[in-house]
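Just dropping this structure here.
Which chain is which? They are A, B, C and D, in the order written, and residues in each are numbered from 1.
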Amino acid sequence: MLAQQLANGVMLGSTYALVAIGYTLIFGVLRLLHLAHGEVFMVGAFAGLQVVLWWQFGPMAALIGGLISSAALGMLLELVAFRPIRKRGNSHLAPIVSTIGAGLVLQELMTKLFGAEQTPFPSAISHVVYHLGVISVTGSQLFILSVAIVSMIALHLFVTYTRYGMAMRATSENLQVAAVLGINVNMVILVTFGVASALGGIAGVLVGLNFNAISPFMGVEMGIKGMAVMLIGGLGSIYGAMVGGLLLGVMEVLSVAYLESSLRDGFAFGLMIIILIFRPRGLFQTGIRAER
Amino acid sequence: MWSSYWDSVAVFLGINVLMGISLYVPMTAGLISLGQGAFMAIGAYVCALLTKANVPFLPALLAGGAVAAVAGLVAGAPALRIRGIYVMILTLGFGEIVRVFFLNFEPTGGASGMGGIRPLTELWQVVLACLIAYAVAWRMRHLRLGRAMIAIHEDDLVAEAMGINLTRTKLVSFSLGALVAGVAGGFYAHQALFIDANQFDFSRSAITFLYVVLGGVANPFGSLVGAAIVTLLPELLRVVQDWRMTVFGTILVLIAIWRPDGLLPAPRLRRS
Amino acid sequence: MLLHVDRITRRFGGYAALNDASCEVAEGLVHALIGPNGAGKTTLFNVISGVLRPTSGRVRFQGVDYTGSRPDKVLTMGIARNFQHVRLVRGLSVLENVMIGAHARIGRGLLGNAAEFLGFAVAEKAAREKAREMLDFVGMAGKAEMQPDNLTLVDQRRLEIARALVSDPRLLLLDEPAAGMNAAELNELSALIRRTQVNGLTVLLVEHHMRLVMSVSDQITVLSAGTIIAGGPPQVIQRDPTVIAAYLGNGDELALHS
Amino acid sequence: MVTPMAAKAGIAAANRPWAFRFALTTENVYRPLLDAWLKKQAMPIKKVVILMDAKDAVSSFDGKTVFPVLLKEKGIEVLDTVSFQTGDIDYSGQVTRAKGRNPDGIVVSALYNEAAHAVAELRKQGMSQPIVAGVGINDPRFIQIGGAATEGVMAASDFFADNPEPVVAAWVKEYENRFKQKPSNASGEMYDTLYLMRECIKSTGVIGSDLKADRVKLRDCWANMKNMQAPLMGATSIDKNGDATRVPTVLVVKGTAFVVAQ
């Protein structure tokens, strides 16, 4: 039973991790909170749904559809909600206002298109149940876990070995220095938003595939959790976000299984506060100190 | 002309202004809280419980504020050693925990919330509370505590080297803000007459944050302007009924771009 | 002895900025702390003012060991300081910046605060007057209402001294107050330091300007590479070979190059 | 004052003698439902697990109070009450916990959206036990979202849009012509309530001349209502608490719709 619960936790945690990685990437480069990232995740889910409904393609196509549309949306948000503010003096509070505004716009747009209620997301994957020893895992759960792992590995490779990956890391170290070294900082930030939002989109499609119903407001809850995970893992630390996401997923499932479900959210944030008290810079303390 | 509709809009505007001030106070000390909704909830529930035990309205309000202030100390403590964005997400977490608490706390109605609250809130009371809060917020800038908070916000090393006890000042500013939010909660309970945990969730704290940042962080009246815009705009936008939130969201983005530091500039130094 | 620095060591990772340094500052004197760049002067200064915690060793003020106590405690004990790179609060006026220095002096718990809110804060007026006095003392009488950013560098330094003096310290720590000053301003500064002597204030001065050091200080301690290599009155220090070597590098090096 | 559809416990009882409730209290719905559910099972059901939405007031009240009392009445043991929250995405933890108890049957008390997720997860984790559900699921979208997993789930409701009864079928057709969508439970209850109110007005001869007297007449008409024929929902009586009592229609999910259970 515990083994099955841990599997459930890892399943849920992998979606949290993907969203949190998006937050931590953006924070790493800009030191700013992107409060509309939850909506980017939601739009990805709906994009994936369209691919499955309109073109009857399988889950893989849905993923790609979700990934591309979220990446595009993320970049658009950077151009609209972050860059103009960055150009007019570096207020670190204003982008929060603009992303809240952008989030509201996205929520209402999607409500107009798909209705405020939950929209069924046909599970394009067979619910064949595989029995790995004592744990029974469905096809969709395996699919989600593998996609999450592949995405994380791909991100690791991208950040470590590609030109843009290194430019991203340099920019996250110090924006001004990176610019002086000849890195086109604006382009790097745009790419970062693209990558971070793409991961959010993937998470959105995965949630749609596994939980079979999505709504224009699913982004709010996931957004808050994503921020908590970013902090648990350590600001700007991609691996911290991965571990933090899985940790939160498992903690939540265990709290539901062995305690009362309504403690679920309280549990998630209780964990975050405890970690903040004992390790103020998260599990994987990166050099990034969010001073202001 | 002053129909009861506009009267209730005015009361809610006053409550939102109080919430704006409740965030302005800790923010002058550099503590950015995304959890003011939690203190509002505490104030609302405590005050409602007391008036149900027919405690007069004023003491019940102040008691609600006091309990919220104590909660502010509890929430403020972990926030002492961390700064900026950490405080935001930590207070956000605190807000969620308080929401979950009231969701499960049967004595105050748990999931089904608490109804049957007597309509005790009146507009003049809310206006008076706002005036008092503003007087204190404005006067405080020119007093020892206010100066200490501004110093801490800009350079806590200097502040400490000048003899300011960082911990005590931060906690005082945090719980002072919580007190104002608690009182606002008490007014809200006796105007809405039915309260449940979800009315004080993250969106409540995020909107409170909007009031202050939109209006201008460095100016106490910023929260008044911000609260007025964020509260009245959706009402005025009823005309674009379907696309209300889209227009509102777009306006937020435009203001953030046009005036990143908020609409009102920092007040000129007083000539004395 | 007013201040006793007892075998202070301070490491940053492997590097020992201060290595077993001891010295004493007598009451009522101007005591200068000199040494080449990187000698550890500012580190010692920060340890004495409580901003930095020593790796080992003790610091005693009027016989009381205050090692490791918080900077605000150090100030309330009577040790006030300025900052090498001027740090003023932009959000406040010049006068209000000075009043912050008096923060500890006029603090009186909840009741005092409540009184202030109601506007008849006696202590508040007293602090305002004292701050105005300090501004006159350092020669910035007319600038009370200015924004700190609009002051010249010298005025900003004077403001920091006023801010330190307003808390009635027994020991004033000055970290390179003369940096960036021209000759005239230097004279004004040394006159100001002497004026502070009138009420028996002790000054610990970290400074590079030898002319100011020699003219103002009664005692000098020389620091080099984290250790104290000499101490004594200015005339003795001026001719001490080890001091000269530390500053100018020893003679044979010169021989090699010529 | 008559509420056509409020399901909250004790509303009428708390406001005697002026308040009445047309919709059946969940207790009056679930008692006949459980009887039908138990009778219909091949294997006897001795132990159940309750899955409920702790955040929705009606669902949590049914899950915590109404169902346990009725189940005890019928000698069935409640092994565990596992809760989730309105709007939850993930139900795997709850279902695994329920599975661990290996009950004979499962009771789901939630709104149609969450109930659909929970039922889908139950079937996904290989639990084939029979399921009975609360009034919250009486909505076509329950089947739409839950999909094939909802097959065989039993529930009960006052009004049932696909009821083959000629009177109901004709009314539903007329509704669809006018509003271009299927009537929901609430629309049926609203219609019947107004119909009965009209019957009361006709029978007591109230013409609105004397407000105070008219009020009393209408109140008594409702208070003493016995087996008055409501067009869609049949013979309705009002009990001493002001709540309506009648025989609800027991439904079961077959294919893509609710049908009347035999």
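We adopt the following convention: a contact is a pair of C-beta atoms (placed from the backbone, for glycine too) under 8 Å apart; a residue touches a chain by one contact, two chains touch by 3 or more.
The model shown is predicted, which means the values in this text are computed figures rather than measured ones.
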Handout entry: Set of chains adjacent to chain A and to chain B
Key = D
Handout entry: Contact-richer chain pair (by C-beta pairs counted) among B-C and B-D
Key = B-C
Practice task
Please find which chain has its CA centre nearest to the centre of all protein CA atoms in view.
Solution key: B
Fill in the blank from the handout: Rounded to the nearest Å, the gap between Cα centres of chain A and chain C is 51
Problem - Gap in Å, rounded to a whole number, between the CA centres of chain D and chain B - result: 42
Fill in the blank from the handout: Between chain C and chain D, the Cα-mean centres are separated in Å by 80
Fill in the blank from the handout: By the touch definition above, chain D meets two or more other chains at residues 54-55
Practice task
Note the residues in chain C that touch 2 or more other chains, in rising order.
Solution key: none
Completion exercise
Residue numbers in chain B touching two or more further chains are 103-104, 111
Practice task
Answer with line, ring, star, complete or other to describe the graph linking chains that touch.
Solution key: other
Problem - In contact (per the touch rule at the top): chain pairs - result: A-B, A-D, B-C, B-D
Fill in the blank from the handout: Listed in rising order, the residues of chain B that touch chain D in the complex are 103-104, 110-113
Fill in the blank from the handout: Listed in rising order, chain C residues that touch chain B in their complex are 49-51, 70-72, 74-76, 81, 83, 87-93, 96, 99-101, 103-107, 113, 116-117, 119, 121, 124, 127, 145, 147, 163, 167
Practice task
Name, in rising order, each residue of chain A that touches chain D in their complex.
Solution key: 1, 4-5, 8-9, 11-12, 117-118, 120, 122-123, 127, 129, 136, 138, 207, 211-213, 217-218, 221, 252-254, 256-258, 260-262, 264-265
Handout entry: Complex contacts: residues of chain D adjacent to chain B
Key = 8, 54-57, 60-61
Fill in the blank from the handout: chain B contacts chain A in the complex at 32, 78, 81-86, 88-90, 92-94, 96-97, 99-101, 103-104, 111, 202-203, 206, 209-210, 213-214, 217, 242-246, 248-253, 255-257, 260-261
